[in-house]
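You will see two complexes here that share chain A, one where it goes with chain B and one where it goes with chain C.
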Partner chain A sequence: MANRSKRIPIQHVVGYVMSIVLTVLAAWAALNSNLPVIWIIILILALAVIQAGIQLFMFMHIIERGTGHAPWQMIFHGFILAAIVVAGSLFTMSFGFNHDHNDDGGHEQHEQHEQE
Partner chain B sequence: MNADGSNAKPLEYQTKEGQLNILGFWIFLAAEIVLFSTLFATYAVLFNRTADAPPPAELFEPGTVLVMTFILLTSSFTCGIAIHGMRRGSVKGLMTWLIITLILGLSFLGFEIYEFVHYAGEGATLQSSAFWSAFYILAGTHGVHVTLGIGWATLLLVQLAQRGITSVTSRKVFIIGLYWHFLDVIWIFIFTGVYLIGMVV
Partner chain C sequence: MQLDEFFVTGEPLIYAGMVAIVLVTSAIIFLLTYFKKWQWLWREWLTTVDHKKIGIMYILSALAMLFRAGMDALMMRTQLAFPDMNFLNAQHYNEVFTTHGTIMIIFMAMPFLIGLMNIVVPLQIGARDFAFPFVNALSFWSFFFGALLFNISFVIGGSPDAGWTSYTPLSGAAMSPGPGQNFYLLALQLSGIGTLATGINLMVTIIKMRAPGMTLFKMPIFTWSTLITSFIIVFAFPILTIALALLTIDRIFGSQFFTVTGEGLPMMWANLFWMWGHPEVYIVILPAFGIFSEVISTFAKKRLFGYNVMVWSIILIAGLSFLVWVHHFFTMGAGAFVNSVFSISTMAIAVPTGVKIFNWLATLYKSKIQMTTAMMWALAFIPSFVIGGVTGVMLGMAAADYQFHNSYFLIAHFHYVLIAGTVFACFAGLVYWYPKMFGHKLNERIGKWSFWLFVIGFHVCFFPQYFLGLDGMPRRVFHIIPEWMPLNQIATVGAFVMGIGFAVFVFNIYYSYRHSEREKTGDPWDGRTLEWATPTPVPHYNFAIVPHVESHDAHWDMKQKDKTIYNESKLEPIHMPNSTGQPFIMMAILFFASFALVFEWIWLAVAGLIGALVMMGIRSFDYDEGHHVEVDEIKQTERSARRL
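What follows is the complex of A and B.
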């Protein structure tokens, strides 16, 4: 039995099954659940991050004998930069613009001015 | 922490050159994450700017996308098994699993090409709107990476057949293993950020 467990890479099998479960869960949340859209987006993005972690730690052996600390530090900072680029672009280019032309935000400010 | 309980480093880490090459590849992958982040940012900003072309929710098919995701996920798993076989010193196991990985990679590409042709037929091409440009560039860049990976791994298979597992070939195979898993990491975010969110919003 000990020999057998060496033959079959348990870690990879566990990682694979977990990835499939997370994918199905994300697809279900997006297509069949009745959660509010914003919660679906937060949930499936969280699931994606967990699944990326499974790839990095269980498949790519980002931490193992011989690698040192540099790989996970590189990738960690890569993801931080990616998050800043995506969130920053959305923040500067998209958020705060209202395409529905119902000007709620502007109206409130106007009323405040009148009170003063 | 070693899975097989032995104290020796895997073959690909035993020379200084091998260690540095693998470290260098991790730096490359970190840069690739940032490269893809710019494409994701472009896509996110241009989301729903479809002009006269059909909106994504109309064209995206959950079935096709899920099949593609499972194919790539499985290919990442078989690639991991290939590396595992290499560390056990089995050339035959390594090559078999690597070939299976490549077949899965090719079928993924087949689905992606089918998908793009289908969208183009429905009137959503690279030129039809800002949104679809961003979509094709993001998904297409990933597809190009998969294509390159298939060519690269094919060349490595030839080297493996000629030279077997040495400290040089094992390092090369380990590095393409990292590359292949990385493609799945990017796909997870395309699957989630592009397809799932595109079908929800």
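What follows is the complex of A and C.
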């Protein structure tokens, strides 16, 4: 486009770098941090929220005022759907099941180690 | 890797398939070279961003896929009618039903409907193309190469064999080693890019590019159903993308998301798959409802009865479609409470669907019905689909489902809704909009022959399967007991009659191309919506002047008031996008990358992925502004198209 500004899109570059940093941090937490599992999960969830914020504010023009307004309706539906996927999966996959697999699982893994 | 591991060997049917592929490919190459058509192919088709041409390519590919998966079906039916002939062995049978299901849903039903949407929706809303024509071309080529990847699996590497649902742990690396399941995962992933992009594209097109005056509730009903379908696509396909990615990582890089060992959750695959899979069946049925609504209201010569209620019931069905997925696996063993919840939400879907059925009947009530081929498909749809729907409610009752689950009762049910719904709609829509696409009608007499053959064959094939299911015949078996023989043989006869019906349909395309009277008016059916206001052949910019819409059934209204959308004095230059080869090249590179990943040649796949990223970079700095069609050229085109 003729009227395209030539300056570097600082915001996008910063957002991109931050996204990568957050991802690396999450990978480190899961693989190398030796934190208790529950803290790893909490940390990753927190990072995910920050990541979503970066997406919304730095890439998706959520606060920009221009020709139109932010697609609140789509964001709302997106949240509803995410809630259905997460809550629905928890509901379906955990209701009426016995999750005490420690005996079986450990045993099978043990066997595999022996075979190796 | 040895060559005999790369190619599938030892199966006479597959050798025949290889020979056929080589012959057909060389014939095509020869014809293109002999008639010097390579340049034409590249200029007019491979690089086009015109929604009408892309739609035609979608429909042609979908018809080819219908043929391929239909042959799969006939092979299965032959095996089940003569189980002692050893026509297919167990492994081959597994591969055939897997490819049949996957191709019919992903590479036949969806592309066929998306093809019709491509052609019709911009014309119905008075737009000159999609919102993102480049992305539209990209979508088509991603579907095309995804389908290609899936289809070569039967000669190279071996087809997937874990069913179209690809349930884990069966489809995991431990129980299905080799490239077969990878073909499934990567072909669906590749074509999924296109489907998702089309969903966004159509959504933006319909929301932003409607002709002035066309409010949402003045849109034609097919456009409405397309809009709602796009919403379902945008919300449901990411779930499939993630599920496929997780299973791909499981299989290729050894993670443990869906494995039995290593604390994986195999049932999570079924959960995620059906979270996408149930909305998916509405992705293929809602546009079908839209097509039938258009056809019925045109040939009943009435405005669609209860238009607003029809729209709201589509929206309600779409919303409910995200809340019923567990009814596909009631027998998984979740608690009674879970099953009850999903049982009730499933039955709730029958309410808006029933509303639609009654609205179609009310549209037909006291109308002067024109018995065209398209209308006959629509009329046959109503009772057939009701049978499928009623048995669907039976399956939706969790307690009863423990009996019906994975029996032929289920098979009969979903073929009754998918064939009577989607396939009839594809035929009805193709016959109905054919004059708009190709400038001549399909022959009505031959069309009715194909209609009767297909519909009678369909009922003969699938109605007995309800009773086979009640007699206890499970799905996905290649060998049966004597009690099931008679009904199976009847079903096989029906399947072959359907095959003949399809052959007659294809012959009709050839016959009509040669003999049908050419269309002159652009409005062969005395239509009601804007697409019939355009001349035939439709100019590449669709509308010389963007029409002003005042009412529902805009074209009908204009005809009553003796108005046309064309006015030579008001012409202005039209801004149109340029053709580009980038979508084709980008997707060809991704095809190469996916193929490498299927065989787990990681570095080759990485190279392909880098190639795709480079293509994206090129696209990012591509400041192609398109071109303007000048007034003189528009005048000339319109004069010849409108025969002024």
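The working rule: the second predicted complex is superposed on the first by the 69 of 116 C-alpha atoms of A that agree within 3 Å, B and C clash if a C-alpha of one lies under 4 Å from a C-alpha of the other, contacts with A are read in each partner's own complex, and residues count from 1 in each chain.
The rule we apply is simple: contacts are C-beta pairs under 8 Å (C-beta built on N, C-alpha and C of every residue); 3 or more make two chains touch, one makes a residue touch a chain.
From a predicted model like this one, the values you see are computed outputs, not experimental measurements.
In the overlay built on the shared chain, the residue A:L56 is in contact with chain B alone; chain C does not reach it. When the shared chain is aligned, chain B comes close enough to touch A:A48, but chain C does not. Judged by the touch definition given at the top, the superposed model places A:F91 against chain C, while chain B stays out of reach.
Judged by the number of chain A residues each one touches, B leads among chain B and chain C. In the superposed model, A:H77 makes contact with both chain B and chain C. Annotation: chain A residues 77-78, 81, 85, 88-89, 93 touch chain B in one complex and chain C in the other.
Here chain A touches chain C in the complex through residues 1, 4, 77-78, 81, 84-85, 88-89, 91-93, 95-97, 101, 105, 108-109, 112, going by the rule given at the top.
Within the complex formed with chain A, the residues of chain C that make contact are 231, 235, 239, 260-263, 265, 267-268, 271-272, 275, 322-323, 325-326, 333-338, 623, 625. Only residues 1-4, 9-10, 13, 19, 22-23, 26-27, 29-34, 36-38, 40-42, 44-45, 47, 62, 66, 69-70, 73-74, 76-77, 79-81, 84, 88, 177-178, 181-182, 184-185, 188-189, 191-193, 196-197, 199-201 of chain B touch chain A when the two sit together in their complex. In the complex of the two chains, the chain A residues touching chain B come out as 6-7, 9, 11-12, 15-16, 19-20, 23, 26-27, 30-31, 37, 40-41, 44-45, 47-48, 51-52, 55-56, 59-60, 63-68, 70-71, 74-75, 77-79, 81-83, 85-86, 88-90, 93-94.
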